[in-house]
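What follows is a set of structures for review.
Next, two complexes with subunit A in common: one pairs it with subunit B, the other with subunit C.
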Partner chain A sequence: MKENRIRLLLLGLIAVSAIIFFALYWNGQGNQTRETAAIPPSVGGTHVSKQVEASCMGCHAVDENGKLARIEYMRKTPEGWSQTIARMERLHGLKVTDEQRKQLIRDLSNERGLSPEEAQSVQYWLAEKPSHMEDQIKNPNLQNACMTCHAGGRFMAQRRTEEEWKNLKDFHLVMFPSIYLNHRHTDWPVVADAAINYLAKQYPLENKEWENWKGKNQQVDGKWKVVGFQGTKGAYVGDSEFMSTDGKLTEKKSVHYLDQNVSLQSTGNVEMYSGYALRMQYEQAGKKLRGTFNVGRDGKTITGDWSDANNPGITGEETYYKVQTEKPEIIHMEPRAIQRGQTQDLTLYGMNVKQLTAQDLKLPAGVSLKNMFVLSDDQVKISLAVDDAALTGASIIGTEKAIVHPKLVVYDRIDYIKVTPPYAVARVGGAGLMHKVSTQFVAYAYSSGKDGKQGTDDDIELMPVTAEWALASYPEGEKDEDLHYIGSIDSKTGLFTPAAEGVNKERPFTQENVGSVSVIAEYRYGGNTLTGKTHLVVTVPDYNNVIN
Partner chain B sequence: MCKQLKWKKVAYAFALSLFMLVFSFSGAHTAQSYTERVYVSGYGELTVIDPAVPKVVASIKVKGPVRDVSFTEDGRTALLLANGRTTLYMIDTIQNKVMEEINLIGRTDKGMLDRRVWGSAISPDGLKAYAFVTQGEKQTNRFKALPSKIIEIDLKTKEVVRDIEAPYGIHSLQFKKNDPNTLFVWGYDLYTLHTETWKLEKKEEIKNRKDERQGSTNILLLFPRGENTKFNSFPTVTTYPDGRVAEGIGWANLETGAFKIKDFDKEPVGMFSAIIDDQEKYGYVIMNHWYKVNLKNGHVIKDTKPPTGTIYGINMSTDSKKIYLGGGGNDFIVADTDLNVEKIIKTPTDGMDIKVKAIKN
Partner chain C sequence: MEHIKPLNWKGKRLQSRIDVKKKPEVEGLSLLPMGCATLFDPGWETDFSGMVLDGLCQPHYRDIYGCYGDCWWAAQVPDGLTNYGSYSDECPVAANDWRKLQYVKP
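== the complex of A and B ==
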């Protein structure tokens, strides 16, 4: 009996233990499953960021894949996310403070941005380079479905899953149903499907470059040398310093315009997105400038564009070089092209140039260094003799001992000039909310190259030249009415300034100050006058791309 | 003396009777059987003009820019589309006031149903309205395009009572003249909707022609005509297989459905709207140029510039004697049929199109 009781007691204990064990086991398993469902494969269980969760999850809940619906199926540039957030505020009731908006753009760009290479391909779009002509996108479906309204940069600056690209079609059909009528030259839904297939393959969400890059951060603190070019004002060189204080990045910059002998200082705040994309807000001589720059993969260069916030047509291209003390580094030379049969003085700009010797430069055949005079550690004057048989074309003259970024161009003669931009667009503005968009015209001297024929592949771009500028009717010989209303060009610099926007009561039919003209540049060279021409369209303000 | 007076009375009575008889058979009385009004689709209002003066006689306030305007057979009721193509308004054209407002935005089980109208028509008896709508569902965080449809609305209850799926690209609905059960549905091609059988059938290939030799024609039917005449008319652009692109005028007889296109003998310049006379002899088209065209051969008889710059809408008086211009600015212009401008007045707002309607007295 006693044994039986003990047996029963033991069996009871085993049974209770088993119940407790299985209860605990299943409980643990259950918890594990729930946790798996609750924690998405995002950073530390947070979906993009705390700010994104707070501002976006009201509508973009975590879906069956453990991701924030829609948001975590696409990647965009800071500008792209800014547009998205602006749209959410405008149409979908998102309420955020200025600081929260900035945080959202920062977080989304860092977590769901583009790789440096992806962004570089659309730098012109992000910087809103005026009068920029995109490389021809040959896909006819993109041309007919998307590019009838958008520049290619709009979609090339995004990465999406196939489903997200498809969502864009529905978005357009619901938000802009007149798309059928606007595109009645084609069957838009059919063409859009084909375009979306192309976009899904060409610009997919997943990308190794981005996966490898994500989470990295370039360090830009410290000193940099700067070289830039502004149409109508020419080349400039200068110094910059980035400083981090309390987590905020600022920049101080001083540049010197070489042709005009004018120095300008600028200071401003800098935001870094995605670990490499710098967006600056400067003050320069009472003007507000905005900068759109990218730090190079090696962290030693920064390239990009700046523009006048109140006239986006006033722009410059700029490159920064990280200051080092190891060896001479030339970032600019003036002039950059020298003529055969002459001895010419050049000024080289850079850093550590006191260390530069004649042997550090590898000059092309027929070019010899006659003299070198160091002006400072940043500037050196050299005298080059170019014989009659010197090889024409552009040559790299740096060596292991001296870094020289610009190429030295040798030419026979200037055969013609070419005016840029080749197709210019200026925008009226300045009378109301919309800014003027001026156009900076530049005349470049060209050599026809070995074949002596203008416009062939062997033509050599030599340098910007000082021309005289004028406007003419377009087409030639047609009415010149537009000339009286559209604005004016500075005959010395080539800067076109458009007139004000809005109806002009003085103009027949009370039209706006829009129109189309030719821009003529005349350059006096060797007793001859070389003429270049381009087409300028002065149009309405760009209401479509106003973000906030 | 008394006898003389009596004879005078008889003579007066005879003369009055004779006058009344002559007047009755002269047709002059028809001038009083209707009141002609011009309706300019303005911004935030339908502007009503008495073209005989001309002067603005009323501004009927609605939300947003006005688009389609259609009329009952007697012209006493109009249906107009405004408010970003989301709201239909019933208008009393006698009192010049809004009678009813029909909002087509609704809800689905997944979100908001966004409907935009691209062509609407009131039935000749004023009991029903028909509208082609593009539809989209606005879900919590995405948009879903839904099939486009023609909907039938009971104007008493303001409820959608029937719908039928319809191809995208439709932008104008018109009742067949003398047939209240058939609607002409203008899109990339011409369809008919039979309201009794509730069937939509393709009637005429315009853009998508099987016979490619006839080319592919695009019609801009934002400015349909036919409220006052039996013809709808519109500018056309036809692309032919050899690459040639021709601009022309198209018109359809709204009694028979007969459809014609005649290319102009000029290079395309871009036209927005067109009107033809009731004899099918001359057509008139406008935008940045203003043509008078021979409809037999497409010859542009006269090419002039609109007097106030770009003009969107061209129409014709009920008696076919005057041309009316408006839209694309805030001017209303009366001209003769040789394109000579007679009068110009200002309208309160910018406009899109002008409609002419003879309202039965």
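== the complex of A and C ==
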């Protein structure tokens, strides 16, 4: 018995030694792999910035490549860095003042940001566009490992080394250990590995666009012309001026809504990140608005979105054009589309239009200019005769002598209307700390194109039209109980305003004011009524919110 | 109670005490267990499944700490496991104190 025990003990010792030996051996192999993935060392003495060194180096050491561990192996948007710093404060004891935090976001975005092109591809995510449907990413591993929880924008707004993409998997397992359980329908670590292989190839750290861009700074100071569109209120034009005082950038903007004949003034502080990304905090008629904009590579345009800070569903898209004095430049025309067989008046908005002559416009075949009347240097009225055989479709009408940004659309008739957003999400709020999220519905007129069939590739989007709006039960003919509680739609503008959040004791089973309905738009055209329909879900607040 | 018949004295007693004409105060979820979903999918609150909101716990305040406590919907509801351990301190009973629920930065 005693011999047996000794034998067992010896066998155990041999087994333990073998395990330790192999573990050490494999660990060594792993280190070798890490070392061979050589990354060029940091140039210069400062790691990102003095503020980053002061705030981050207490934990993030300089590694064998001469870089700050983790930080110098990834690039992110200002919003991404802001989230990272918030997490460091929340979980890892980082103590910074408001000013230091701002400086950190500024420095990290400037040194380790995205290129203008990379940022543009995730603009919808950064601006938190409401009811926006992301283009589908056709990689099943990303869908099953990442997008089961969050949108693709979250990873598409980052660039990392392969090692750092791998770290992201471990990060998720530590931060959200329940990931195993709530993904129990799949083998999450395996699917995540496959997703990471794809991400490392698709979104690597090194990128020529960023290398070419880094260190550059757009100068936005000066005057700009603005054109924008806000669903439910229509198009607007205006003027803006950026001013730098003591290193602080501010903006003053005045816009005029064309359909409603209403003017609004905004003033705000502007922060520029990565040399092109503008983030504004506006005051407009007692409201707080926030802007998420990017300056174009040529420095002559700024595009982006704004939203109401207290109702993120109220938004608009805007483009700025740098004011110049050389030639006429048209930034907007109203209406945007003209019908065959008619003579129509259009108003062109822009700058230097007093210099505009009939020869400066290259009108499509079958369209001729009948009249031109200059209202001011910013506005000109023209009359266009469109013959019965005029070519339908969108045409560029600018020439070397006049810049015209919008295309002129010629159509034979309006065949149908389409309502956006195609899948709308509004959120209850406004009673506690959560904001209401309204939905701005818009009906667009369409022509079926040459094939006369609705929904084919040759269909032409013409313009937004004024429709009559109503809500209906969903699915059709089913219970209409939701309609009594969820909120209301403005029959003239298409603005849906959700009801208040909270438990509604009036409602059966003490439900909230949530529900699911159809939104119907009716547009009268040529004696007929064209109908468009979309789906609206009114739901609970979004607690995890990048902005708030 | 329309389709079942009591077989023993206990069942009969139960039947006598239940007011079958009374409107029910609660209703079972139409598709169990949608309200406390088994899968982790975005849009839980926005009807990703296309089955309307019948499967969503209502009011959601009764369920929110079920999602919060064990970090079940980390992308939609603050997670109590790692990031926001004290999130519920201000509002221990969400169904009563929902006005105090706050936004968090994900």
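Here is the rule we go by: the second predicted complex is superposed on the first by the 501 of 548 C-alpha atoms of A that agree within 3 Å, B and C clash if a C-alpha of one lies under 4 Å from a C-alpha of the other, contacts with A are read in each partner's own complex, and residues count from 1 in each chain.
As a convention for this text, a residue touches a chain if its C-beta (ideal position, glycine included) is under 8 Å from a C-beta of that chain, and two chains touch if they have at least 3 such contacts.
Quick caveat: nothing in here was measured; it's all calculated off a predicted structure.
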Which superposed partner A:140 touches (first subunit B, second subunit C, both, neither): neither
Partner chain(s) touched by A:514 [first = subunit B, second = subunit C, both, neither]: second
Partner chain in contact with A:185 - subunit B first, subunit C second, else both or neither: both
Which of subunit B and subunit C A:149 touches, first, second, both or neither: second
Partner chain(s) touched by A:70 [first = subunit B, second = subunit C, both, neither]: first
First (subunit B), second (subunit C), both or neither touched by A:296: neither
First, second, both or neither for A:90, with subunit B first and subunit C second: second
Which of subunit B and subunit C A:175 touches, first, second, both or neither: both
Partner, of subunit C and subunit B, that touches more residues belonging to subunit A: C
First (subunit B), second (subunit C), both or neither touched by A:539: second
Subunit B and subunit C contact sites that coincide on subunit A, given as residue numbers: 174-175, 177-178, 184-185, 509-511
Residues of subunit A touching subunit C in the complex: 82-83, 86-87, 90-91, 147-151, 174-179, 182-185, 425, 431-434, 474-475, 501-503, 509-512, 514-516, 537, 539-546, 548
List of subunit C residues in touch with subunit A within their complex: 25-27, 38-42, 45-47, 52-53, 56, 58-61, 70-72, 74-79, 81-84, 95, 98-106
Subunit B residues touching subunit A - in the complex, by the definition given at the top: 114, 116, 118, 134, 136-138, 140-145, 168-169, 171, 188, 207, 218, 222, 308-310
Subunit B partner contacts - residues on subunit A that touch it in the complex: 59-61, 69-70, 167, 169-171, 173-175, 177-178, 180-181, 184-185, 188-189, 508-511
